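Going by the order they are written in, the chains are A, B, C and D; count residues from 1 in each one.
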Amino acid sequence: MEQEIKVAIYGATGYTGVELLNILLKHPRVKIVGLTSQSHVGKRLKEVFPFLEGPVGNLKITSDAEEEYDLAFLCLPHEESLELVPKLLNQGKKVIDLSGAYRIKNPQIYPEYYGFQHKYPKILERAVYGLPEIYRERIRNAQLVANPGCYPTSVLLALYPLIIERVKIEKVVITSLSGVSGAGRKPVQHFHFPEMYGDFFAYSLDKHRHVPEMESVIKEIGEVNILLRFSPVVVPTSRGMLSSLSIFCDKVEAKELYNETYKNEKFVRIVLEPPHVKHVLGTNLCLLYSFWDERVKCLQVISVIDNLGKGASSQAVQNFNIMFGFEEDLALNTVPSFP
Amino acid sequence: MEQEIKVAIYGATGYTGVELLNILLKHPRVKIVGLTSQSHVGKRLKEVFPFLEGPVGNLKITSDAEEEYDLAFLCLPHEESLELVPKLLNQGKKVIDLSGAYRIKNPQIYPEYYGFQHKYPKILERAVYGLPEIYRERIRNAQLVANPGCYPTSVLLALYPLIIERVKIEKVVITSLSGVSGAGRKPVQHFHFPEMYGDFFAYSLDKHRHVPEMESVIKEIGEVNILLRFSPVVVPTSRGMLSSLSIFCDKVEAKELYNETYKNEKFVRIVLEPPHVKHVLGTNLCLLYSFWDERVKCLQVISVIDNLGKGASSQAVQNFNIMFGFEEDLALNTVPSFP
Amino acid sequence: MEQEIKVAIYGATGYTGVELLNILLKHPRVKIVGLTSQSHVGKRLKEVFPFLEGPVGNLKITSDAEEEYDLAFLCLPHEESLELVPKLLNQGKKVIDLSGAYRIKNPQIYPEYYGFQHKYPKILERAVYGLPEIYRERIRNAQLVANPGCYPTSVLLALYPLIIERVKIEKVVITSLSGVSGAGRKPVQHFHFPEMYGDFFAYSLDKHRHVPEMESVIKEIGEVNILLRFSPVVVPTSRGMLSSLSIFCDKVEAKELYNETYKNEKFVRIVLEPPHVKHVLGTNLCLLYSFWDERVKCLQVISVIDNLGKGASSQAVQNFNIMFGFEEDLALNTVPSFP
Amino acid sequence: MEQEIKVAIYGATGYTGVELLNILLKHPRVKIVGLTSQSHVGKRLKEVFPFLEGPVGNLKITSDAEEEYDLAFLCLPHEESLELVPKLLNQGKKVIDLSGAYRIKNPQIYPEYYGFQHKYPKILERAVYGLPEIYRERIRNAQLVANPGCYPTSVLLALYPLIIERVKIEKVVITSLSGVSGAGRKPVQHFHFPEMYGDFFAYSLDKHRHVPEMESVIKEIGEVNILLRFSPVVVPTSRGMLSSLSIFCDKVEAKELYNETYKNEKFVRIVLEPPHVKHVLGTNLCLLYSFWDERVKCLQVISVIDNLGKGASSQAVQNFNIMFGFEEDLALNTVPSFP
């Protein structure tokens, strides 16, 4: 039998943590040896999630990982990840951090957008942004992968073909729709079921943490400053994300460009009709639809992902597979449930 | 007792027809004397909608209105409205047409966007576009009101303050979200409940009938050609509409401008937080939120309405009230159900 | 102008409180003079619910009603109602209590089912159970009305025709489905939107507070002890309630019996097809469908109401109308929104 | 490499067909060689369901299976299965029929409940009812398996422990809730998204096809005639089923009895709290909760399944695994998506 990689999941009982567990259970080369969660210490996993049976279900949730392991997935609040990462790196562990603590290269962004000083700028430099379609080679050798946010994943995959081709971009306007799970698992008034049922609304229109994250990656790969107009909207469903991008740029042959850029990618598909969010739920897929609007002189792109899949946990597993030299789609060959 | 206005509703069993009935039942000056529907001829209304009891529920649905009346509300397919309107006008009837058949002044738009030649350009000229906040005075004396589409209502109310102030506009990018009822009552595969449940998707991204409708009004009131980039998205709920507009224009004091423009309007409210769709369901309200994004140099506006309310049937009643000199909010002072 | 009744609403920001406000705003004989809520003291109502504009929206929320009033609606936790009711009665106020504190005649039920000793058994005796179709005459002269629970309303209206006809009943099995709003407005984990979305589950199968409430009324009006097998299930929508009753009893002519019992009732309708919950949302209606299952020798009844309407707030207004001699349907002639 | 079983799916584009495809794609011993569907002949599967890529997605949909295969899954209307089964059996094929055409032993039931004469009573005799927890041994050697209906699966697993223990049962009252997918994929008015959204209702209260199916199995295994009072209710979600059974019978030690009966079953779990439907979505699990209600002298059982999983397609794969001697949970070890 081939060797197993031992992993710990910090923050295992939030939505990204459970999704990660769900995927890793199908992974033939992974052994989960530690689960942490501040809110359920001492319980077995199956007491919190009765649908998680078997060996994993019997694992005890602890406040810190107790057994030796090779890699930690961090599904923690930003501030907790910020402090934990240096400790784990010092112990020689590999880390995939699903928080925003190590995503933005410029530490000066953090006080304004995250409310804390970033005390570890050197580690920030070493962190690799975990969007495999852009940074695959760096991910391969990374000790620390900063797993991208959901909005940035859907947006950057839509912009990447233009940026690497150095297409001149004048303006980018983005409206992104997200299911409610993107807001996390903590119960709050406006996401109480009766109130969110039948509702939808925009939020954080003037300042969203994902904006500097996106602009920072664009700058790094395109050597260009593009200021994004970004409007997120939450819609009344649990999962899924759709980004509508209107890009004013030099005219391009949209479909060819997108097909060419992603021709070798397993998880990015160029589609000929506007894609349905339901067609990617539970998968690591990103579907991209694009066309040149000759009337308005603008490239219109639609990008759909599962916010907890390619937007979080399955992308983390994709990164994991790359870091350990496994087939990139190991445990990720899923088909969405229908209907 | 004050005199009642007798009205007929053509196409009474579609969503806009039922919503109209629902509102008119509360109208102290309206008597509904005729109901038509191709699909339910001969039935009483309450046989189709068991929740519509009382005198209206007992009304027979006919293929044509049989009793004498003063005004007809047309909730018909475009082609049927196209042909019926001239006949009714000839009979001296007033008409509020909820279809698109008489909304666009330029008849040459129709073949491309509606698939038919417009045979009545003279009537088109006489038709008044029924957006009271813009065309109130014309509506007062109109014999034919072309009731606006839902997307145009949400978008034009957001653009109007800029246009009448002759603010120089460079680009307008719109993504609009709509509940499924906007697509009408006819069952189709992708709106079959299990398939739409948890889904959302963009559609008609390159050519939507509401684009020339919006551009035509902007041109008329602003004497300017603005080409809109418009992306509609359907979201998994029954009712409601949210338009996100990113407007590249000369810098404006957004809140002041919007407050000033709508200070005397009962149904347009300027709000200080991004509004919730659920706060307008079942009402004739439009909530507008706007701010100047200094970073991107762009005005961002969010506009929410009930697609079947201000976006269709309650706006039709508002027009009706204006045409007959009633208080504009008669039967329209509703509060949304919560939760 | 006719005199207005001044009312205060205690606990105005919960679901039953807001629904009550929504209805009372349409009531021509009511003036709301006081609103209390522990969680929002000092705010104006429209700051909590932006859709509640006008004079009511400007009302300040206080911790106790400060202005003089005639009747108090209590939308409070059981324990708070328990203590407040005696004080208000002493002040000569009329009270409609929407909690369970005064619904059950036998005070000995309270420790087991509500977790507190009932210290006011004399007041309990004076309280009138506010189900108008059964207790209309007593309500007329009541100072204290204990407004029924939602499940009991849907169930008792279904059983009442049998009980007053003294039909011999052997067994009653009830499964009741409720929208999530029935569980109140406080955010909790399993009603967090992403978790409740697509879920449904039974709860409190062995001990639900509404069981002794129902059995107590049956005993009072039928002079018979019937033990109910009651299973509540919460379903993934905001509002609505459906009770399925299988009643093993002497054979009856179901439709005739139900029609006869309710022939003069405005809010109870006997229907010929299994009713849809959506046909009663936002109304004070109860729709009843019944048939005799000759195969199993059992009467099957389906009862639907809006849990926040006839199951709570609109029923409270119906009681109010009776107590003050108004038309019973004042402010209650609503038609459900569709779709 | 181990030998693959070649299968054809008749009616591959309905909900049970797609779910079957979804499961079989993960099955290491299955090769899908034929797909039929009347409505999409000539298309490749991925043209109908863009999320089904890979070799299966490229399969052409035909009107009849063209390649040689070992077993056919029939996801067809009852009448079509009725006629196709004899032909396939004659050709020596194994068949798992997901329709109701061969579920009920007594052919005289068919005219009344299915509207057709059953012309193949001999084949009916040979058909094995595909509920593995009851008929595993017969399934092993069956050529024709009649896969159970969703309601019967949830109900029979709840009743089976009592029946094999010959517990004396007096009455059984069942209310079952089902997601809308149980009604199939054909668009109809009351399942049009805006209309079903927020609605729930009972149907077929006096005559449902699954009643004789359940009673027939009970009679066969328990040698007893029990008449079920069965009330199905459709709730506004896509998938899932919950049956609430109130069973008047001799007193039993419920949890012990259920644990004992199912101690060796992988897919039936006895739980200690009322189970959530969401905990079984996408799985082959049935969760059972039971307790003796001493007050009413009645056994109350809650049973939850995925109507398209254990209630249809995953149960079909379980039967397939048994018929070919595979591990019973091959391709069925799934964990529900959360949230």
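As a convention for this text, a residue touches a chain if its C-beta (ideal position, glycine included) is under 8 Å from a C-beta of that chain, and two chains touch if they have at least 3 such contacts.
All of these numbers come straight from a predicted model, not from anything done at the bench.
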Most distant chain from chain D, judged by the mean position of its C-alpha atoms: B
Cα-centroid distance, chain B relative to chain C, in whole angstrom: 37
Chain B and chain D: spacing of chain centres that average the CA atoms, whole Å: 46
Whole-Å separation of chain centres (CA-atom averages), chain A against chain B: 39
Residues of chain B whose C-beta touches two or more other chains: 15, 181, 185, 194-195, 197-198, 236-239, 275-276, 281, 339
Overall pattern in which the protein chains touch one another (line/ring/star/complete/other): complete
Parts of chain B lying in touch with chain A, wherever the complex brings them together: 171, 173, 175, 177, 190, 194-195, 197-203, 205-206, 227-229, 231, 233, 235-240, 242, 244, 246, 248, 274-278, 281, 289, 291, 293, 295-296, 298, 300, 302, 304, 339
Contact footprint of chain B on chain C as seen in their complex: 15, 18-19, 22, 25, 49-53, 181, 185, 197-198, 238-239, 269, 271, 273, 275-276, 279-283, 335-339
Touching residues (chain side chain A, partner chain C) in the complex: 15, 179-181, 185-189, 191-198, 236-239
